[in-house]
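Each of the two complexes below includes chain A, the first together with chain B, the second together with chain C.
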Partner chain A sequence: MTLEKQGAGGEGPSPSRDLRRYAALFASRTRVMTSSVMRDLMAITEHPEVISLAGGLPDTASFPGEEMARVMGQVARENSARALQYGPTDGLASTREAIAQVMAWQGASVEPGDVLVTTGGQQAIDLVCKALIDPGDVIVAEGPTYPGAVPTFTAYQADVVQVGMDDDGMKVDELAETLERLEREGRRPKFIYTVPTFQNPAGVTMSLERRRRLVEIANERELIVLEDEPYSLLRYEGTALPTLLELDGGRFVVHAGTFSKMLAPGLRLGWAIAPRPVMEKLVLGAQSTTLCPSPFTQLFVSGYMASGQWPAYIEELRGIYRTRRDAMLAALEAHFPPSATWTRPQGGLFVWATLPDFIDTTDLLALALSANVAFVPGRAAFVNGDGASSMRLNFSASEPETIDEGVRRIGALVAEQVDLFGAITGSFPAVAGEEPGEMAEVVELPRRDQEQRRQG
Partner chain B sequence: MSDGLSVAVLKGGRSLERQVSLASGERVEHSLARIGHRPAGIDVGADLVERLAGLKPDLVFIALHGRDGEDGSLQELLETLDLPYTGSEPAACARAWDKQVTKDLLDEAGIGTPRALSFSETALREFGGAQALARVDEKLGFPVVVKPCRQGSALGVRFASGPDELPEALLSAFSYCERALIEEFVPGRELAVPVFGGEALPVVEARPTEDTFYDFDARYTIGSAELSCPADLDEATTARVRETAERTVELLGLRSFARVDMLLDERDGEPKVLEADAVPGLTDTSLLPQSIEAAGIGFDEFVGRVVDAALATA
Partner chain C sequence: MTLEKQGAGGEGPSPSRDLRRYAALFASRTRVMTSSVMRDLMAITEHPEVISLAGGLPDTASFPGEEMARVMGQVARENSARALQYGPTDGLASTREAIAQVMAWQGASVEPGDVLVTTGGQQAIDLVCKALIDPGDVIVAEGPTYPGAVPTFTAYQADVVQVGMDDDGMKVDELAETLERLEREGRRPKFIYTVPTFQNPAGVTMSLERRRRLVEIANERELIVLEDEPYSLLRYEGTALPTLLELDGGRFVVHAGTFSKMLAPGLRLGWAIAPRPVMEKLVLGAQSTTLCPSPFTQLFVSGYMASGQWPAYIEELRGIYRTRRDAMLAALEAHFPPSATWTRPQGGLFVWATLPDFIDTTDLLALALSANVAFVPGRAAFVNGDGASSMRLNFSASEPETIDEGVRRIGALVAEQVDLFGAITGSFPAVAGEEPGEMAEVVELPRRDQEQRRQG
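And then the complex of A and B:
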């Protein structure tokens, strides 16, 4: 590419060129791989004075350092050659056994040989897309869905269709209708993505009845269900429900798990369990990206499992997080206006709160940052701009007093916005007594409306 | 260059453009080092004055965008500390930072700008200003563009196609500034004209790609808007657009480098100035650096000249 030399005064016309550097080199998929307003706003949450209810960070501070040193020391002394060498693509046998044990804690019986160790649960999502998605293929997801899955789906140029949720998780009747409609339109979805337990970001759990129905639908239509299950061991009340993997018997369910929340995200270790033919493709996909998951952290995980201390640690985390969840629910009750609604998770890390629909939580985040508090705006969990008046609040990473203060600050800003909206409309809006419950209608990824184009 | 200057590069801060500013600052630091100076990057916070006192720089390079670097208060502080700095003086920054002030000056000088009304939170909260919103249709006609009066990026900018969309758009704008501007919608091409040393550089045109709109995301992300430079305009239009940018910069009293954003009104073919940016982005994907490159000026040469200009006016 040549640059036309042109003085500031202009010595005549020169051919116009595309200013985006390297534009001619980028693959077409990068057109949908863009940064977001949220990411730029989130940069401000790095400041220590900001109370961040935004991240999905587990409380790694509670992990006993001595225990970590002991296991690491043992790995170094007894296994350094293996820890520092390449390993098998599907993972070390001892780690796969540890994963089978974790699955057993969740009530699912899995052979270690059927486990693929991945670099975090995120890689499992990526590998499933890599194996199944051609550009334009449909992925059906919950609305709201895990914000971190959206960039993965769009990077594979998937057409994401979201299905509404309520307190019992994904509305499977609506899912069935959506699948019917897609079929009529000649669009065949490749997989249904769900976080059935303590969903990120909604915090709700799919009921047993819906789990059964979802598995039935998948079997009837021969569709894959990607069950993303990072939080299920972090249950603070209620009875554990069977995984979709167990209900399905491993025919159409791909199960993704991770050590991030029950141990530490810094390990970057997760796993996938899939029907054999799918698993073969996942393994090939993993081979071409990472060669193998880190043997070093795998040995740490199997060593920690062997110590027998893990169940006690998870129990400790449950205690810490239960207190924090209760603090957040109490703070919402105390500081949010009556017109706001929020979910009451039985576990996991998040509460999903919805404000009166005239409040845009992306704009509210800008205000919140000036009050030194942060959350994730709801739009991050939708592909089409929906969720504008909702927010995800994390309770696992802050002390109860901090949670209370953070929620108090957000509540005060919301009250001001409600008041200001009343002044703008010339009447105070009837904000009490709205119907709670609905989180989203069926939404799709359309082109952004031309009218939304902005000037300036 | 002999032993070079000690240059404090101010970046980051708490504004909503923190991320962009960090990238601008880093790029400037690398460039300063290449041309023989001794740059020291400072992520601006409560200890800024203390850090400057410790560093005793010969010059301060302001790569802070948004409120922190562009409303004039930082420049005032540096004046008090007797530290020479790059870019414009406090009063000029303050004029450019406030879109209503800019607009009033443009109107007086006979430079085209979209017609607008401004509303403050106070007028609405305390004077029953809501009733006056009914006059927006009569005075401007819908659609309108609602934006915060003072905000560097496109955050809080909303389109209202009718009166019913106005309240939410205003609420959005008020999240960034206590005064909102309601501007007539001007159909036309979006142009950005960097001005360097009083002279307009090649005109950049931003065209939203099919499925994006040109907002905060597009402005700083490779691949969201199609940018071309020099914009494909006829000679007479190019001349008019450049002259408009130069007059705007002169009118506001901006010096060294700045960027003027405007629309080329398709109804009368005339440029309509939207705003002037006293500290435009200096990242790899920012408009100004790409325009200076199109003008045949390297980034290092640009930085060197900005430094020289700052020392000459100190």
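And then the complex of A and C:
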């Protein structure tokens, strides 16, 4: 039997009839559900000849295979029946303790009993939406925001309102104005979504002053803040800042964390920390969708935690990623035209680059894929078509020389577009950071001599 | 910092103020979201002195720890970076091939490319609801139905309409009448949910005739049937029947499977097979909730499949569970009063027992927990309060002598209730199977001489 091709009743229906037939059965949310650009790109970029600066993949090859075998060997010897069995919906005690320890590394003091282990950080975002969002409800997010959160918000038919950013993260003054405006319109947001540290995709970090102000606003207005913090231990320079959770004391901040970036996304383990009444709803949501996080992978985490080697591994990742970030910044300097600007992240996985506004990075991506290089076009990080001239570039998944070659290929395509624009209009584009516009402040202008660069 | 107890702003709020405050933020679905009785019972029954006949736990202790270590050692040596990395949303190719093989063991021919790997069978149910259910939509289910599906349906604010069962599974004539009635009321169901083989909780199996008729009805009415098939390889006697998927040819049947019962629930891996237009929506739903199933556990499955030992393990499980089923049936015969009836499953994990209707099993559970024994009260399998005198008894998770002792304890409590009723009313209750009522036909009357039993 080949599905849809033959069946007990004879010839299968035609695809167009199929679509009509099933369409009446679909929930209304499916009309707005969209695919994650990043997930689609992952499929395209599976070919080994493609240099993918698109994904958000950590360098799992740096995790020693023998260590994985050792930890799982121990789990198998001591705990195989438990690893293979169902576990509690909120997670195994040993994993919740490991998470409390990881939160302590980030400076936040959390009781293991206040931790919900989730199936990746993505499920934490999904469960918060399930608990809070009715169709039409407002979610306030950064602009740009994590492209993978957009399909989740959309699946709950939320109305996403984005607030601008600069090098100090979300513009909290603009947030306050936005909340005022929404209040006048009778639309009270359900939560504010932020990635405060090494933001995905912008790479910038919210300043301490803004963190304090954001928490104040949340408390004044009795609004939830969903703090999505996947990267904070991956800091390559500068000083760590307190989490919003810590500043708020667990009143209105729901904290989402994950093992994906500082250990391994393949485990599909993350967590949520929330005020009790919210936590109860998150647990109910987890019960009804996945029953429980995997004890098999949870015991890997707690076993690895017990080995004491994890801090050294994070230190190793920091070294690897710092080198790659530096390679990317150097490559951008070397290969991108002077009219391009980009952020200079102190940690995390991403640089956000902005090109002259006559370049559409969605169109550019098609050219880039022909040149066997990929990035995430900026529009994926906005719900309203903004970000058209920006792109997210990942530096964690490639070796320095690969990063250089990938950026070189993109830079060559951009230079062609710039030259073409110049030839047609007879003008030379202004530097994006000096232009007015949505993303103008999410830049750190490369300190360079344009003249010197043209000679080099 | 202890969450909710202290914070930057001073003393924490009182719990009642908390609830009021957050209540305005919750989505309307949370007003109907309920906890799974089974999940709650799992927490209660964690104490080692409690004999739990409540859960649906497979006997993971029978899986050899050294085999788990061997498979994971091989994954670590050959594939550690891949196991630890993100994977495709629809699953790794090797796992989808393993699933196609498992479907072949069940007599269904499926292309690996038509398989979506999910985070447990529960996610398959959730994703089907996400794709199909708007608030108020009708889902038709068996009565009793899988207690763990009820919270999922409820979370999507579905209106669950249940159709009676007997020893041949869902009464398909009653289904046809129900669909007629719903049509007259202008309520077209989105899907029909069924566990056709060794049903959870009733233990009964849908006859071939009814399977054919159900598929016909689905095709005539262009309705999805969600075939939830976790147990079909766990057959202890009798002949395997074709899946609804195979009978339908993949037109209107969405098939949900899982590794939980024939391998290990701790892996959190299941699957869905669906007509392409439906599958597209399931994939979008999976993207936005969990991104991808765990490559770490997926590679365990495909590694174990490659070892060729799995069929022998399933055979071993069959032997273990057959013995336990027989122990449970014998224990019921020995310890339950003559007025009780129960099903005699040919496979799976559960027996459904029905007591005289003056006994409420929800009340009985409180007494049972005091006697350190647990079961799932029948009401958990209905949305309308039916099933009050029934219970689900699990035989897969306990040794034969433990099963006997657990049933003995429950039987003693039941006997007390029966005696008390007799003393108060002066009457002896009729056998439930002879009484009219919703569940009257889901019984296989023990062939026994009541007189002999009282002497024994």
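As a convention for this text, the second predicted complex is superposed on the first by the 395 of 456 C-alpha atoms of A that agree within 3 Å, B and C clash if a C-alpha of one lies under 4 Å from a C-alpha of the other, contacts with A are read in each partner's own complex, and residues count from 1 in each chain.
In the analysis below, a residue touches a chain if its C-beta (ideal position, glycine included) is under 8 Å from a C-beta of that chain, and two chains touch if they have at least 3 such contacts.
Since the model is a prediction, treat every value here as computed from it, not as a measurement.
Looking at the shared chain after the overlay, A:Arg344 reaches neither chain B nor chain C. Contact with neither chain B nor chain C is seen for A:Arg181 once the two complexes are overlaid on the shared chain. Look at A:Gln417: by the touch rule set out above, it reaches chain B but stays clear of chain C.
Once chain A of one complex is fitted onto chain A of the other, the partner contacts of A:Phe26 extend to both chain B and chain C. Legend: residue contacts after superposition of the two complexes on their common chain; A:Asp363 is shown touching chain B, with no touch to chain C. Considering which of chain B and chain C touches more of chain A, the answer is C.
Judged by the touch definition given at the top, the superposed model places A:Lys190 against chain C, while chain B stays out of reach.
In the superposition on chain A, A:Ala76 makes contact with chain C only, not with chain B.
Residue overlap on chain A between the chain B contacts of one complex and the chain C contacts of the other covers 3-4, 6-9, 12-13, 18-19, 21-23, 26, 30, 33-36, 39, 43. Within the complex formed with chain A, the chain B residues making contact are 14, 16-20, 22, 45, 121, 124-125, 128-131, 133, 143, 145, 147, 154-159, 161, 166-168, 170-172, 174-176, 183, 185-186, 190, 196-197, 199-202, 204-205, 208-218, 220-224, 226-232, 235, 238-239, 242, 261, 263, 274-275, 284-285, 287, 290, 293-296. Across the complex, chain A is touched by residues 1-4, 6-9, 12-13, 15, 18-19, 21-30, 33-36, 39, 42-43, 55, 57-58, 60-61, 63-66, 68-69, 72-73, 75-77, 80-89, 108-111, 114, 119-120, 122-123, 126, 130-134, 137, 148, 151-152, 154-156, 190-191, 215, 219, 222-224, 246-251, 260, 263-268, 273, 275-278, 281, 284-285, 287-297, 300 of chain C. Residues 3-10, 12-14, 16-23, 26, 30-37, 39-41, 43-44, 47, 358-360, 363-364, 366-367, 369, 417, 419-421, 423-426, 447-448, 451-456 of chain A are the ones touching chain B in the complex.
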